[in-house]
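So that you can tell them apart, the chains are marked A, B, C, D, E and F in the order they are listed, and the count of residues begins at 1 in each.
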Amino acid sequence: MILYIFVIFSVLSSSSSYAAVNDFCVADLSGPDGPAGYSCKKPDTVSVNDFVYSGLGSPGNISKLIKAAVTPAFVDQFPGVNGLGISLARLDLAVGGVIPMHTHPGASEVLIVVQGSICAGFITSANVVYFKSLRKGDIMVFPQGLLHFQINAGGTPALAFVSFSSARPGLQILDFALFANDLPSEIIEMVTFLDDAQVKKLKKVLGGTN
Amino acid sequence: MILYIFVIFSVLSSSSSYAAVNDFCVADLSGPDGPAGYSCKKPDTVSVNDFVYSGLGSPGNISKLIKAAVTPAFVDQFPGVNGLGISLARLDLAVGGVIPMHTHPGASEVLIVVQGSICAGFITSANVVYFKSLRKGDIMVFPQGLLHFQINAGGTPALAFVSFSSARPGLQILDFALFANDLPSEIIEMVTFLDDAQVKKLKKVLGGTN
Amino acid sequence: MILYIFVIFSVLSSSSSYAAVNDFCVADLSGPDGPAGYSCKKPDTVSVNDFVYSGLGSPGNISKLIKAAVTPAFVDQFPGVNGLGISLARLDLAVGGVIPMHTHPGASEVLIVVQGSICAGFITSANVVYFKSLRKGDIMVFPQGLLHFQINAGGTPALAFVSFSSARPGLQILDFALFANDLPSEIIEMVTFLDDAQVKKLKKVLGGTN
Amino acid sequence: MILYIFVIFSVLSSSSSYAAVNDFCVADLSGPDGPAGYSCKKPDTVSVNDFVYSGLGSPGNISKLIKAAVTPAFVDQFPGVNGLGISLARLDLAVGGVIPMHTHPGASEVLIVVQGSICAGFITSANVVYFKSLRKGDIMVFPQGLLHFQINAGGTPALAFVSFSSARPGLQILDFALFANDLPSEIIEMVTFLDDAQVKKLKKVLGGTN
Amino acid sequence: MILYIFVIFSVLSSSSSYAAVNDFCVADLSGPDGPAGYSCKKPDTVSVNDFVYSGLGSPGNISKLIKAAVTPAFVDQFPGVNGLGISLARLDLAVGGVIPMHTHPGASEVLIVVQGSICAGFITSANVVYFKSLRKGDIMVFPQGLLHFQINAGGTPALAFVSFSSARPGLQILDFALFANDLPSEIIEMVTFLDDAQVKKLKKVLGGTN
Amino acid sequence: MILYIFVIFSVLSSSSSYAAVNDFCVADLSGPDGPAGYSCKKPDTVSVNDFVYSGLGSPGNISKLIKAAVTPAFVDQFPGVNGLGISLARLDLAVGGVIPMHTHPGASEVLIVVQGSICAGFITSANVVYFKSLRKGDIMVFPQGLLHFQINAGGTPALAFVSFSSARPGLQILDFALFANDLPSEIIEMVTFLDDAQVKKLKKVLGGTN
């Protein structure tokens, strides 16, 4: 009778083996990319290591100036999240560290403070600011596409992990967007109302031209 | 004047011929697969047979033990549903037949009883059970991702068709997931609270190792 | 020790009881409706009968003329499918019966022939026609929003069930859209190129005015 | 100190350079197409011209009969919209011009009158007609998948732009779908209730066979 | 025989009248709002005027300084687009006019120049700038969530219409987000690297405090 | 001139104040719930505390038996995530602690180990097991709807945070679904192949009846 069970399950599993393909779609980073994500690795070449990533286990390379580092685990670093609408990153903020004003064009974010204290905030389309000093264990959500920032608010290093509602949330850092490329200074000034001296000073710092 | 109509429609149809491409996207099963489905066959290689499937027309191979068979018409069998968020399957349940406890990780399901009588049920995250004996013509919906089952509830063979809200709904049969692979028995026991003897008995039946 | 298990599961279930709310969202048909569907019945007022519907168990009221009937199990008839992206309908076609040319503005459809033989077809944006005579057990998919039709192709009554990729797929029957309302005949003629006599003849049949 | 800023931002930008890939996904029209759109051009081959299109700058080829032209800027003409859920088209209607009854199977539409006056309308699944004469600057929305039309309602040429909620909205023109292919006349007559003479007359005009 | 047609269509239309409800969901602006949009007006209170909006027909109130105006036709102004994933706005730029650097947190945008000449651009997560001078009839797409701007590039007033891939795209103007609220200057300076004098100067102009 | 800036921005901000409403949709937990989430709190009643949650800051109530606790921050605990497609939970595993086999019917999950070592795994529709021992800082993704588990793999307490791709991911714990309700033992045995004694033993432990 036990043999019969085996037979019937073989029949059942014929369908499940077909279906298994889209339980997941580990990114084939060398294959075609599309609006919904990368194409999938062949299921039989997938191993548990495609679903595990160790790159967030140690601090990023912390700058002495902004005293902070962002280490992403987006689809390009962590192919297992391809198509699953989720990814992570690690934030290290030394004392005085700052993650400058930025947006994620395609994702909402939730931050959890694992160590230290962080002042975090975001600004809405109605120009309302929501910010608060967060302690270890606090979480805060930043709705999709809005300007936000994080600042080490304590006297010790801070560590946070952030989750995104997309496998590839994007990251547009305001200062880099404005001052680290070849957008002409006069255009920047027209569309930001910043003074010429200010624009040129930051362009110099951040490597912008024109 | 008739000629003029033809001319203008040729202009109009230039746009419609471009647009036609994504009226549908018949799966090219040999092409790249992605999070949203397979890539599309070239439209000029598509025929009506890509949109028609006859594999549900006869009963699956019914086992004497569980006395049931599942015959899928998912995207891998029926390429015309690629990207359309829908697929079908056929359930044959002989007298005493059972579709064991299972989930579809990525789809809701509606079942329609075409012949006989079926006792069907599902269990929610709140551990509430909803089950009922269904007669010919009755339909029942199983919300996405929840454990559910079907049992022939009558003295005659039963036939049902099930529809899914995905072209590739997946199918995770509980017993196979637990007992038909190499997940070590001690881990299974830790995470299911089943007795060692029970686990080993079912592993033996279903071909599991470790 | 058994007591301890009970304790821990109580802790776990505190989360699952919260989460249970959106395992499903049975439509509260008297509550607010929104772009994603109706608002949900309170979970504690939900019973298995919200997930089961018997209205497809008997043939619709078949007309002697078109010799067909459509019986829907959309969210308004079958509240359990609310928000789940799936619904059903029953098609009864007497000998010579026809489901006239129509679209579902918001859903793809899969048809399964349960009895008899049906000639079914659809037309694409590129004006290509795909049609075929289907036998019992055959299934056919009609991609979203395209004009399609079904005709009893045999000498016996035909029965089919159709599944949709939406809980509320819509149903726009071409003749009714054109001839069963107060859209002025002269406008109809301008935008369809039909003759005035043809338009007025069908308006008279279908109850249109103007 | 300025050097330090540069260093930290380099660290930050390592994540942003990865992420940049899916800020957009310009269609590689020669690459694989999928349910969510075309695969993406390599970011370093993208230029501003992928995001700009000049094809709507001049009127389409206006027929003397229907005195209208539709010029699309869908993904096949304008690859920058791939995956972004938006596209445009230009409507030119000479005096007496008509955009015949049609649907977009996969998109809602908003029309804006830029010049002249247009009578536009749509019909719902409940066979209700909504139509109105629009003046310059008026906008009108046509919900997804419903039959609709536009007629020049004034004594001067009219110009409108239409936006779609999809990069590839499709365009199914009723008369072409019915009369410009090889769908047999007898089937058309069965599913539309049109007279044989009417069907054959329009087939002749529009190039249909059978 | 004509009577029979009427009978059968009545049967058919019983389903279509149910289904009609979600052909559209005109916003009930006084009802509950949700993640997918406003709740729907009762279908029998809807008129064609819910689908038509005249507010873009005349220029917005143009400031002498930035010499520009933005006039939205989002769901709050134009309830017919609720849930349809599309909306519009009108841009008037006098000579020298500027739409300052901004984002739409939840939508992509396509701009069409109807009059004059506009220099438009956007910046990606990789800090690459794409900008170009657009002439009458040119269209340009701005992918979701990215910083972008428009400047009148000619010697005459410019008029453009913009379409969005959302009924409520949001609008976050950089200067207002930074300088028109109570976000403390010292925080702004930490997260933007702007000088204190610059921040305070713009706060004064834009009404910011702290 | 400064005054003029103020004037123009007032015009601009009239649109942004409308648009602000859907930058976020904080759940009104006492209002109607729908398929896309709860209805929104009025924006003027929202404060920063709606976006911050402190409930994950301390360990859950750890059972002596399974030596673990799950503390959710789903939309019902953390209303700010409503409609944003993201949520969190905290896992505390004492030495020997186990999170039993379970699924999230509507979400993918990423786990990050913050303290200790965790053996985590999931099983696919093809019955393949992927499991690995994770160290502090490692992350692992569990694709949507699949059975998975976590076990403290070290000699010290373990702490992990998990992120979900949904504001309300659901949580179906296998043992509770099977043994903690009134699903009759004979049905359980038919659909799981478990022995009667095993079923009754676990029903007794977990509070199941019948």
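We adopt the following convention: a residue touches a chain if its C-beta (ideal position, glycine included) is under 8 Å from a C-beta of that chain, and two chains touch if they have at least 3 such contacts.
Owing to the predicted nature of the structure, the values given are computational and were not obtained by experimental measurement.
Counting C-beta pairs in contact across E-F and across B-C shows that the higher total falls to B-C. Inter-chain spacing, taken between the CA centroids of subunit A and subunit C, is 41 Å.
With centres set at the average Cα position, the gap from subunit A to subunit F is 20 Å. The distance from the centre of subunit B to the centre of subunit F, with each centre set as the mean of the Cα atoms, comes to 26 Å. The set of subunit A residues touching two or more other chains comprises 5, 13, 16, 19-20, 23, 32, 34-36, 39, 84, 100, 105-106, 121, 124-125, 127-128, 131, 143-146, 170-173, 175-176, 180, 193, 205. Pairs of chains that satisfy the touch definition comprise A-B, A-D, A-E, A-F, B-C, B-D, B-F, C-D, C-E, C-F, D-E, E-F. Residues of subunit C touching subunit D in their complex: 98-101, 103-106, 119, 121, 123-125, 127-129, 131, 143-147, 149, 151, 170-178, 180-183, 187, 190-195, 198, 201-202, 205.
By the touch criterion given at the top, residues 1-2, 4-9, 11-13, 15-16, 18-23, 25, 28, 31-32, 34-40, 82-84 of subunit C touch subunit F in their complex. By the touch criterion stated above, subunit C contacts subunit B in their complex at residues 5, 13, 16-17, 19-20, 23-24, 43, 47-49, 51-54, 56-58, 73, 78, 80-81, 84-88, 108-110, 112, 114, 121-122, 124-128, 130-132, 134-146, 161, 163-165, 193. Note for the complex: subunit F touches subunit C at residues 32-36, 39, 60-61, 63-72, 74, 76-77, 89, 100, 105-106, 168-173, 175-176, 180, 204-207.
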